[in-house]
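Two complexes follow with chain A in common, the first pairing it with chain B and the second with chain C.
And now, the complex of A and B:
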């Protein structure tokens, strides 16, 4: 004992070393240590995009923690839901902070996921063997949109009531099974207390379990295949294996944590400066509130629904819109299989153009939804298409310039 | 190499200490509101100083003669029991058993107060007689009050 104590370094107590050894041995921690040591993050111009996934994961963690806290006081019934959220905002100490952070973090999370999707597309990180990473990512995005939609109803205020009414009504536009889906979503023909219970269960039990499962697969795949290197970076260094990289632990993780710390500060500031509103209690027989709008991440669909005429090609308005966005979703899901020259690093002009168009359409339609632009559907399509063409031409010119500089 | 030089480089040690202090401060700043949030809110039900029992002395008497007892009623957010003693005195108790907080039952037939959870027995004065209860039941002040209609109502107030 005394000899061993003399052997050990003077500023490290012997028992911590022994505890560490004990835990490593009994829990098999060396497996994780090996995995962590193997994981490396490439360094190139787009490395910053690699932070988005970790940021989404952090914000999801915030949602889990604040969500559990809110569930301690929230009561999911039409008689008590509004009152309990009001109590959280006014009576419970720091309840306003927890709820506002939950709402703000939800919005930031969706924003980060949209960016994560876009940058993954730009970097072509969906290429072989990462097709399932792409697909599970899209499934997760859909689940988080469902999280946002179901959570929105829970305070049982007038805005939420009508948002849910409209949102669930749109599912009625799905061909053939629409009506059954509508009944299933609302648990009846109208939005009632049963709908609230259903959405609550979806929000706090079903979706969290489902997200954990799919997220597990997504993260496993990221770990298994490693980080994807964009073509440009691989070409610059003469092959993806020559691109410089840094160890994930601790170099990239510490950078991740700086981002998380900033995000936490931003959330606290947003919650303190702009606490989330509660509105008035839902009145099923009251009129829809003036200027009612969904959250920003659904605005592009809302605007499209508003612009689309009552009948299109023999389809009703909402049927046409649901069909269109379902097709868009399928195309996005199929991107890894549509990009057929991906393996050889060949260009993907059609996909790139469609994606650019989609991004501009998203921006234009969101502006329309906000009431900043007053466009009809054809004007929106034309303007976003023209912007996409202009952007692609700009990019071509930029690349040509780059190539001339490189050869010179 | 870093480790070897760290004891002799106070600047680095200072940086590490500052980082540790910042992390500790951040953790405290995060946990403080969470703990305050978790703490139960102050009681929203005002506790009355005194309360009138939902039965009269005559009703209590006739029930007890049948060997029954009225159900406990709410006083100060606790179940309150009223017992009419054989000598005509009234007693009022906090009906929470001093063992592990079940609500006890008056058994006029047995002349005792009984706890169903672990067979604790108190006498009608609230003193533990047998079983696990460690202390007597908390007693309240109780008195009769004549109503305009000539009934005698039972008023319970706090013992202090």
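And now, the complex of A and C:
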């Protein structure tokens, strides 16, 4: 036995220390170790919102893993796509589980992203210097919506076929470039096998690469600027620097992991109890299925299109709706620049009211799209507006109570 | 020269159709049309007036060098008045139709008149006939607009002959110019002579030389077929003026209901043609649903009746043709023939049905049942399925219960039917019911599995197949067994049913395995949730062991180094 061996701690195998040293020397892992040691997460009443980003990242990881597994068996051609997914569901060991988790996880991911966007807005986390974090986040959301849209067609079933037809039709409504976009999306005038190949390429090559690039920038910016502290918490502790915080590793990371395991259990339960159905094979010459609808995260747009009269201000309803949601998207993108009092922590009544209205409109229109409500467009606007006003009044009252309690 | 010949032939064709149109009613109650009305405007025309000054229209745009028309310059003398009044005429003899010598067709004549084709010819016929007092002789250009002959450039003269250049009736209807009379007398109150109508059409349509310019491979057997039909035979035998001729079915009436003329022969493929598949039955019903017209008429000693259209309208064939729009579904002419229309004989009913139901007819033809039917005069398929009112054939027709067709003979031993035959029918029925029930149960299993969200694996013999699609094989087997029933032999039916039962069993097994798997997944879920929960518990416990977080930040910006 050598002297070095005698000097090593008796309860630690010598080879692990050597391996650690080897890796640190060559990969520069000490940088990450230092980063992890210094990173802290503020503690306040909205700390739970910080988990949403990590949750989205976890679900994205699930999508990558299950997507790779599915791609081993999936065949992207109109003749074989449906049959291959069917084989995944019935013949491949645990194929049903992988596909169901992939589908459910995609839906949960979009839901988490919507919530992440909302909570980021509520916490005003887009303030200087985090404008680009906000913008890259929105770009990521748009990309994941595109993931959902392109993935929906891949099983080549009747519902997906016609939903894609309707969805790409809406794309054709974009003013000026709509027709070109339609041709680009469909790879022709109709939804065909070429469209399937194009969507597959988009789903497994183009979007993943683009998402990895934008996600990298987004995560870099999050690390660079740190976690944003809400105004209320900063005021409460006399400045953001005085807000209590916990180390990211291990305190926050372990809590994050609890959330991930909960999500994993939820996914397993959904996949086992509610397997993602396959439907019938697409028949381009068949009749469109009754009550054809897109996925829930597009329903608000679909319902709005259904409610809109055939012509608005001289535009076709498709064009008008696409134009409207494009403008909404631009406004949301520009929020960091529209909220001019953000730096001073001043109020933003107009933005807050518009955002509240948008959230209620999203909920109401999704309910309309699901057929739970039977509103016309004007009724939807009125109801969501009334709910937004009521909610804002409630919040004002709540804040007044809170202030009184604090002063007491 | 070739073009000229073609136009001449065309004109012959058109002439045939237009002549039919000359006013014969399908119902037979209209007086015949006689285009040669010129001199026949009244039954007893006055003595001929002095020869009129010829008023022949110059051919517009005709070259002065063009050879004159064959017709002579002076108008032909009017036909002599009939020696006796029409009422005093002897009853028309039954024409020996095929042998009747019709005048040479205008088309044929035109062939012999070179030098005029290619030149626009005046057509004064409609000048008078558009305002003719007799509704059936009143023909306007719009009546002819859809006429297939008219559309191909044929005009009145091409069927009816005469000289269309004359503005005056007698000149236009001169027999010297080839004018064809459609009646043997001048009584306009009577329909035209059906034989002449048929022969007129046949002049072109039975002549390959004349038809070929319009169609490289035309049918020219219609006239020959017609004389073998019930209609043709009756015409030959009794000169029945109400008997259907070509125009009865092909031409559209343009006169009044009481006095319809018949012009305007539409192409068979024209949706408005009386002989378009969807319209055939109604066209036949014009006469055959007329109780008054059909009263007393017989075929082989049996009344023809007038209920056929009503019965057919209730049939599965009518439903398929008229409601589902399947033009291959049979209407009258598909079983009876069209130009050679005749009811099938007792021993040939199965052959008529076999035109479409070939497999069944083939099976039936080999059975003892067929010969037994023929012996006792039962009309094959129609014995069980009906003649015109043929309903959708179901399993319920089979067996020995009330409402089944077998019970009518096998229960009472009618027509020599045996009790053993009844037992066989009962067994067939039970076996078919058994497969039907099994298919329904398999469908229910598939639905249950699908309701649980399960994708059903394909059966053992075809793992890639869709269970529901695969189950159709069992449905096909049931249909095949129903077909095999017509062979009245147990073994082939049992063989097909066994294949169907095997298919059902495979699908049921697949559906049940999917349902079993759904239950297994719950167990799998419980098993997987346990380790997940354990990890969560361990994590939470570990978090509790971590050093407490300071209540306020020390000297660092929250969140970031």
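Going forward, the second predicted complex is superposed on the first by the 406 of 408 C-alpha atoms of A that agree within 3 Å, B and C clash if a C-alpha of one lies under 4 Å from a C-alpha of the other, contacts with A are read in each partner's own complex, and residues count from 1 in each chain.
Here is the rule we go by: a contact is a pair of C-beta atoms (placed from the backbone, for glycine too) under 8 Å apart; a residue touches a chain by one contact, two chains touch by 3 or more.
Here the structure is a predicted model, which means the values were calculated and not measured.
Once chain A of one complex is fitted onto chain A of the other, the partner contacts of A:251 are limited to chain C, with no touch recorded for chain B.
Once the two complexes are overlaid on the shared chain, A:21 sits clear of chain B and of chain C alike. Looking at the shared chain after the overlay, A:402 reaches neither chain B nor chain C. In the superposition on chain A, A:72 makes contact with chain B only, not with chain C. Judged by the touch definition given at the top, the superposed model places A:261 against both chain B and chain C. Look at A:190: by the touch rule set out above, it reaches neither chain B nor chain C.
The wider contact with chain A, measured as residues touched, comes from C rather than the other of chain B and chain C.
In the superposition on chain A, A:30 makes contact with neither chain B nor chain C.
Contacts of A:91 after superposition: both chain B and chain C are touched. Judged by the touch definition given at the top, the superposed model places A:43 against chain C, while chain B stays out of reach. Shared interface residues of chain A (contacting chain B in one complex, chain C in the other): 87, 91, 261, 264. Contact residues of chain A toward chain C in the complex are 34-35, 38-43, 83, 86-87, 89-91, 96, 223-229, 237, 240-247, 250-251, 254-255, 257-258, 261-262, 264-265, 268-269, 272-278, 281.
Note for the complex: chain B touches chain A at residues 7, 26, 30, 33-34, 36-39, 41, 44.
Against chain A, in their complex, chain C makes its touches with residues 450, 452-458, 463-464, 466, 521-522, 524-525, 528-529, 532-533, 535-536, 539-540, 542-543, 546, 549-553, 556-561.
Interface residues of chain A facing chain B in the complex, by the touch rule stated above, are 11, 69, 72, 87, 91-95, 97-98, 261, 264.
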